[in-house]
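What follows is a set of structures to go through.
Both of the next two complexes hold chain A, though its partner changes from chain B to chain C.
Here is the complex of A and B:
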């Protein structure tokens, strides 16, 4: 199976968030960008499918500025992806999800793609838009909130579950399609040192983005706000657990007003 | 931009979902009551579409076909894009759900719309719209300007209230089903298993959540968490330490790789407060921590804390909650 997996570099979870000088975006000075969250799980899913279906190839694709985009592509190669394509955007460009999908679609359309995997959403903007927009551009169906994805070679069908508001749905679907994964492996594989070293020398195909796409797309960030720092918990003083319970119920009722 | 706002409906238990009603109320406040048009697709949408009338919507479009039950958002997106074009709509609004997000993503291309999902507030700014939405697991909020002639927005669940029920009537107009690529009908939904969640609400819907962590020590002790949640009428969550240990299935996990929740009240029991856990619950309105270690990072983000042994505090708290609620 020809598998394409789309990834996005996002700030490491431990990043201390700060607003940039212009007040409209995250200050990315000194921020470490990594392959993480649902995208890391999507790479894991792609590699599991490849292992279960001999002869498959995994092609990782990302759209964004240097150096972070190249870094997540190399990290994906080190994990075992076979090929990588980078839609190289100028430094400082932060495409909105629809523009990112337009950029990715150029790269994906140019390579063999039967199954395109995306994470449910990126851990930074949490839009969850790229998979659907990409599918529309490729002219194929897409399925979101997917868990437990398998390829049934005999029937030529993907079999998977979707975790939606209705409950857990069982589905089957033919290829080609785009799948947005809700699956989040708690223990995705990690790259071994020799693979990391080798990934530094592997080729990455570069594709220029379409010139017509505006730097931020059709949505423009105007403000990035952090909540006032939490001042720390008001600790309940007590001698017995019963007293702690009574005092807590009282503050939840009278101060916080969240008691049901 | 001017023109009507199309609110795309979704069903829950055979009636318009709460998320849909929330979208109607936002549409009414940004566009005016008379400029809101409903949309509903399904095998027999006419009955439930009457729900639009009870929200004060006078007109709705319906796409009726047995195949429309349990299709992915892609199919509906094609119908909605055509409907929005023929109405001359400027805005498509949908509730905060999986379906809503899928639909909006497609409209970004199909209808050339500026799109935003997970939106907590939508306002008109001159000829365009401005949205606010939480990002980074609720650790920050961004404001975006939506540019161009079309906007498509999926709201965040519970960010607005549904309009009051009124006895209004809605006029229904059928829309044709053409233009959907044949391949979009090829997938099959084989079954839907409604997740058994006991009597309580689901994790992402709940306005109160009690989560347990490694401090609970064993699967059988999780009963303490269940009981406290039940006394509060809330849902049960867990840290990854708990799902990794197999004390609870992964569907309970709150955090970066689990569910993102923002209830009115989040009670963290025996949870240290690792950043990956915080990413799933930091936007909760009020956070309570119960932990024996006064230096646990969870106390930095909690509003109220009890430094104590959960095995003593939690049963006492359950009793007290029951007493206070007259149970």
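Here is the complex of A and C:
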């Protein structure tokens, strides 16, 4: 099976984010970009399918600026993807979801693709737009919030589950299609040290973004703000539960004015 | 101009070790320390990820890293747990003499199995009568037919309880003192090898350490490393390669101590404000940060020199000695920053002091390092 996985470089959750001086972009000087949960699940799913279906190939594709995009592609190669394509945006330019989908669709259309896997949404903006837009641009159906994907070769059908608020749905679908994966249900593997070293030497195919796409996209954030620091916590000291209750009622009435 | 930035490749190696240390090692560090438990499952995972055979060349199934990259990894691992990291570096220490003086046939025979599956090796140099004076070594290797017969006792041998293979130093001609020292590879299964009970240690309790007794152990000549009498030089050349990672291990402990102290200082309040706003604590943190950075840079420089083919004896001794003293001092100040809580086992910093202590002692006590430093230094003035 020809599998394509689309990934996005996302700031590491352990990085301390700061807004840049202009207030509408993030200060990415000290930010580390990584593969995050949904995309890790997608890569893991691709590798599991490849292992279960000998002869399959996994091609990882990402659209974005250097150096972060190359890093997530190399991380995917270290995990076991076979090929990588980078739609190279100018430095510092991160595409918005629709531009990303258009750039990815063009790259995916140019390579063999029976099954296209994505994370359900990106770990940073959580937009959840790319998989649907990509399917539309490729002219194939898409399925979201998918868990536990298997290929039933005898029936030529994908079999999978979807996690919904009502419960877990069981589905089957023919290829080709786009599938957006739920996060971390499949315990993504860790790349081994020799594979990490080897991944640095593997080739990455670079393609330019389509000239017609504005690199910054059709939408742009106008302002980033850090959440205000939390204030107003009050610690009630007490010796007996009765005293605690009395003091709490007093605070609720007089300070918080929850009760008259 | 020197360049202190890491390559993307080095960053990804460091990230792998960091993630492993923080998600696999650190959560078990306190429990293994308390129970003196050797967490084999963690070392097996380290083997699977390529974080165990750091210095073993890729042709034997290892990770084949240079010293600088080994140091990056060791520092991260030690941040998670110094004791577990000792198991890793004691293993690499035992591989080094085989890599240095082993014949191609010996490397194939001894190292291939180590790269192929999880197995530990141990470096057996120290004896009850002393570790820093190989000339007075009492373990003897008597010529017997086409081989040798080993007798004697080694002590404080890291990984001895689990190792499948020992690199043993024994004297083939005691009249020659250190010039009679010869190195052998002895499998654990050899007749006459007895490993003693696990030593009860002050720190590094996730690693295991024991004495080994050799009662007339027959060793074929084909298992001798290098020539008769070449063992002392081999031990010294080995330690030239493995001293620097001790500096990295100590730096990892020191960085953990600083991180604990700094985070705690922002939360703990006295006299109506976080203690981080008291100058007494700020001065401590500033001194700790200086020690950590200096330890790391000295370690990096020594590793960089050795990777460039220089001997680096002076620099690696300085790195090991400075970083281990720094780790002890920084862990001490971290406890002081925590106050009474720091002295409690419930908090993580007292373990760091116990772990830091060993780095001042093993792989050449800091007194020996200072003798080496002075000797190397004075050469430049003679």
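Convention: the second predicted complex is superposed on the first by the 226 of 260 C-alpha atoms of A that agree within 3 Å, B and C clash if a C-alpha of one lies under 4 Å from a C-alpha of the other, contacts with A are read in each partner's own complex, and residues count from 1 in each chain.
The rule we apply is simple: a residue touches a chain if its C-beta (ideal position, glycine included) is under 8 Å from a C-beta of that chain, and two chains touch if they have at least 3 such contacts.
As the structure is a prediction and not an experimental result, all values here were calculated from the model.
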| item | value |
| --- | --- |
| Chain B versus chain C as contact partner of A:173, first or second or both or neither | first |
| Contacts of A:230 with chain B and chain C, given as first, second, both or neither | first |
| Which superposed partner A:65 touches (first chain B, second chain C, both, neither) | neither |
| Which of chain B and chain C A:123 touches, first, second, both or neither | first |
| Partner contacting more residues of chain A (chain B vs chain C) | B |
| Chain C-contacting residues of chain A that also contact chain B | none |
| Residues of chain C defined as touching chain A within the complex | 8-9, 12-13, 16, 19-20, 48-51, 58, 63 |
| Residues on chain A engaged by chain C in the complex (per definition of touch) | 67, 70-71, 74-75, 78, 190-194, 196-197, 200 |
| Chain B residues within the chain A interface of the complex | 12, 17, 70, 72-74, 77, 97-99, 101-106, 108-110, 113-118, 130, 133-137, 139-148, 181, 183-184, 186-195, 207-208, 232-234, 240, 243-244, 250-251, 256-258, 260, 264-265, 275-276, 279, 285-289, 294, 299-309, 312-313, 315-317, 319-321, 324-325 |
| Chain A residues touching chain B - in the complex, by the definition given at the top | 11, 13-14, 17, 24-26, 36-38, 41, 96-98, 101-102, 123-133, 135-137, 139-145, 162-174, 177, 184-186, 217-227, 230, 232-236, 238, 240-242, 244-246, 248-249, 251-253, 256, 258-260 |
